[in-house]
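In what comes next, chain A is part of two complexes: it sits with chain B in the first one and with chain C in the second one.
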Partner chain A sequence: MNIQIENLSFRYPNGVLALRRVSLEIAPGEQVAVIGQNGAGKTTLVKHLNGLLLPTEGRVRIGDWDTRHYSVAKLARRVGYVFQNPDEQLFTKTVAEEIAFGPRNLGYPGERIQELVEDALQLTQLQAMRNTNPYDLSPTWRKMVAIASILAMDTPILVFDEPTTGQDAASVTRLAMIIAELKRRGKTVITITHDIDFCAENFARVIVMGGGQVLLDGPARTVLGKAEILAQTYVDPPQITRLGLRLGLAEVVCTPQEFLDAFEKQCAA
Partner chain B sequence: MPIVKLQQVTYHYPFTEKPALQDINLEVEEGEFVAVIGPNGAGKSTLCYTLAGFIPHFYKGELKGIVEVDGVLVQDSDLSDWVLKVGLVFQNPFNQISGAKYTVFEEVAFGLENSGVPRSEIIRRVEEVLQMTGIADLADRSPYSLSGGQQQRVALASILVMQPKVLVLDEPTSQMDPIGTREVFGVIRQMAEQGMTVVMAEHKVEWIAQFADRVIALWEGKIYLEGKPHEVLTDERLVEKGFGVSRYTTTARLALPRGLWQKERPLPVTLEEAVAGFSALRNARRKQG
Partner chain C sequence: MHERLSFYVKRESALHQLNPLTKLTLVFGLILPAFLVPFYWTPHLLLLLVVFPLAFLGKVQGEYFTAVTKLILPAAGFLFVMQALFIPGGETVLAKLWFLTLTQESLMYAFANAVRIFVMVSSFTLFMLTTHPSELMSDLTQRGLPGQFAYVIIATLQIIPQMQAKASTIIAAQRSRGLDTESSFARRVQALVPLVGPLVFGSLVEVEERAIAIEARGFTSRRPKTSLREIYDRPLDKGLRWLLILIMLASLVSRIWFS
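For the complex of A and B:
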């Protein structure tokens, strides 16, 4: 399902102009990371995808639906949204109930709900915690519950707002596996992140925001090498990319493996 | 004389069998900057709550051992006295922001108002802290209209303004952009230079290596490793236990068997160390060639 954002501007009631004429197109099945400094407009942008915010000017279309003409409840069939703070979305007594709430609300038949819940539990590695109260879990696992509850809605488009915040190495790896699986299933994934290394290792396309505008948009390798533009929006290139740039490697590298291959070539030259 | 002293501290949250902290012995000198690392669930936040007096004054459960700050036992102190000595910046800024104030300026002034500081001094100190934490331009905004990273700066400012002797921070930059993170580490380092004692739970090892004096690695509620940042952060045992390690360290480890990192050279944690190491190897290779 296509996402089309045309000339989108948004002004908060307090007068802050958070988005300025943003235009973007995201094709079905794309994996997109949105990066940029705090206050750049990242969350404001993605809140337009499920109608939580409506354009002050311009238009957002999810497939053939203009978000101004569809309720948030309707848009939830097309766009799943995982909040930055899991505590804003969890409310039931057990993990399994929490995960079943979304698909039940969408009116899926019982059998399908069960399948979706099992699948979400498995993807997030929450099986052993299915009967636990979400608030008895650590923040890390609560985040996984929030993610599972959106996965179970089986929407074509998923939005993650800072999924790596406060997560440890094992949990970030788990997230990377979930995103890879969603890609395999042909889902569109849009992720806001400050973890630029996570971004470099898991996303093909990167959108850089600053001051309510899109500063850069393109393949990760192209975008993440542009240190000067990134610095304008308080972002450093990924650690490995910085290392490659400092050593003057011929290509932009994103992972340790890529770095070592390119560095070996440079040494031999 | 250490300002913070923990001796054989073991703590159970209510109704739990497994201790969240077990046999913790820790002394922190005045003006020292100690970073605490560990996987989620290792006890980082619990250690922060213990230092800040939330354990045992807010979280019940069972606390054993000695927790002493500035010569006073936590059990002998009220939380309201304790928080004037030890300031805690929460992991989640939503938990910190009072909800009682309309602007960032008022929010940051809240603690001082409560401790009866004269108005003119409040204004001076708040302005100074807003400047230092890089949020002077947000002074008139509502704390709730800010992004997660901006709220974290407000949370930090509202504690710094109280000038606690000991500053405890629980992942204070988790929602911040990368350059913002570096700035905040810089501010905290500066506080330590001025004599504030800092204990900070954090995952971002590259910055820990550059700014902290000492690293404590927690694992399942116990101190697993402790020492100079560089020694701890490049210790192989961290990888086994699922601690986050610097990508520079990982890259150099992968480079070793390929002959792309010199064996006698310590593994890098920071960009500068990695650049120096790989450059040295390249120069050596080219000389040979």
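For the complex of A and C:
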């Protein structure tokens, strides 16, 4: 399901113009990272994808649906949105019930809900905790419960707002695995992140925002090499990319493996 | 993070510049006369001649009159109707409705009472609109108020806007999970559990985090503390406070004298 954003501008009721004429197209199955300084408008942008915010000007379309004509609850069939703070959505007594809440709202048949819950538990490695009360889990695992509860809705598009913030290394690795699996299944994943290494290692396409506008949009390797433009929105390219640039490697590298390959090629030449 | 954590509206105005304690005194300097002075039209005059102009002086008239129409007027109106109908006594009967009698006396009484409440809520509203909670607290603790008290007051002042902000995020999060909060009444009632649950649990979790956070910042330390905010207490403030105290005393005296 593709996403079309045309000339989107958004002004908050208090007068802040948070998005200025943003146009984007995201094809089905793309893995996109959105980066940029605090207040750049990243959250404001993704809140338009499931209708939590409606354009002041311009248009957002999810497949053939214009978000202005569908309620958030309806759009939840197409776009799953994981909020930053899991505590703002957990309310049931067990992890499994929490995960079943979304698919039940969407009206899936009972058997399908069972399957989806099992699948989400397995993807997030929560099986052993299925009967635990979410509030007895550590914050990192509560976050996993929140993610699982959206995964189980089986939407073609998934949005994560800063999923890595405050997570330990094990949890970040788990997230990377989940995103890889979603990619394998052909889902569209849009992730806001301030973790530039996480961005470089897991996303083929990177959108850089600053001052409510899209500053850069393209393949990670092209975008992360443009240190000057990134600096405008206070983003440093990943360390490995900077090292590659300093060593004058022929291509921009985003991951250690790419660095090693490029370095060997350079030495051989 | 971007949500307003208090009612405070940042503006440059004469009211904003007053010392927090002066404004707090002003609140009581309005409430006491409104309730105590035996002259019938006192609360009405205070409202028209002091409270409304103060809203403009503080440049918060927009926010204030929104609060008036949404909250204060309905509450005072309700009080007025109830008192006018249910307070017994009075000679001059204006209307009879089944077992209810409307007399001129109860009408007058209810009118004054409603305006008193209006003045009271208005003064607090203006106070909260023009005073940053932290400013009030730094000022009061510097004047010797124990930190625990300051904490309780500030927590109370902030709880409503905080809860509002939290509730709207929770609603957004659950609607994103397909929760229908907009159609039929039955649906809305069903939707309450997923909305109230996180509000309560989340607040409990927060209480613990907050306790740890303030402890880590030396809340219970007995040494004198410095403050990031500089709070001014000008001679004008001191003068105003004395004047207000005199007004309060005078209204108390007038009450005792004339009754």
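What we mean here is this: the second predicted complex is superposed on the first by the 266 of 269 C-alpha atoms of A that agree within 3 Å, B and C clash if a C-alpha of one lies under 4 Å from a C-alpha of the other, contacts with A are read in each partner's own complex, and residues count from 1 in each chain.
Criterion: contacts are C-beta pairs under 8 Å (C-beta built on N, C-alpha and C of every residue); 3 or more make two chains touch, one makes a residue touch a chain.
Given the structure is predicted, the values throughout are model-derived calculations rather than measurements.
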| Combined model on chain A where chain B meets chain C, clash or fit | clash
| task | With the two complexes superposed on chain A, say which partner A:Tyr81 touches: chain B (first), chain C (second), both, or neither. | result | second
| Is A:Asn50 contacted by the first partner chain B, the second partner chain C, both or neither? | second
| said: Contacts for A:Arg184 in the overlay, against chain B (first) and chain C (second): which applies, first, second, both or neither? | reply: neither
| query | If you stack the two complexes on chain A, which partner ends up touching A:His69: first (chain B), second (chain C), both, or neither? | reply | neither
| If you count the residues of chain A that each partner touches, which comes out higher, chain B or chain C? | B
| query | If you stack the two complexes on chain A, which partner ends up touching A:Asp236: first (chain B), second (chain C), both, or neither? | reply | first
| said: Going by the contact definition given at the top, which residues of chain A touch chain B in one complex and chain C in the other? | reply: 85, 87
| Where on chain C is chain A touching in the complex? | 166, 169-170, 172-182, 193-194, 196-198, 201-202, 205
| request: Please name which positions on chain A make contact with chain B in the complex. | output: 12, 14, 16, 36-39, 43, 84-85, 87, 138-140, 162, 165-171, 194, 196-197, 231, 233-236, 238-240, 242-243, 246-247, 256-257, 259-260, 263-264, 266-267
| note | chain A contacts chain C in the complex at 47, 50, 52, 71-73, 76-77, 79-81, 83, 85, 87-92, 101-102, 105-106, 135, 149-150, 153
| query | For chain B, which residues count as touching chain A in their complex? | reply | 38-41, 91-92, 94, 141-142, 145-150, 171, 174-181, 203, 206, 242-248, 250-251, 254-255, 258, 260, 271, 274-275, 278-279, 281-282, 285-286
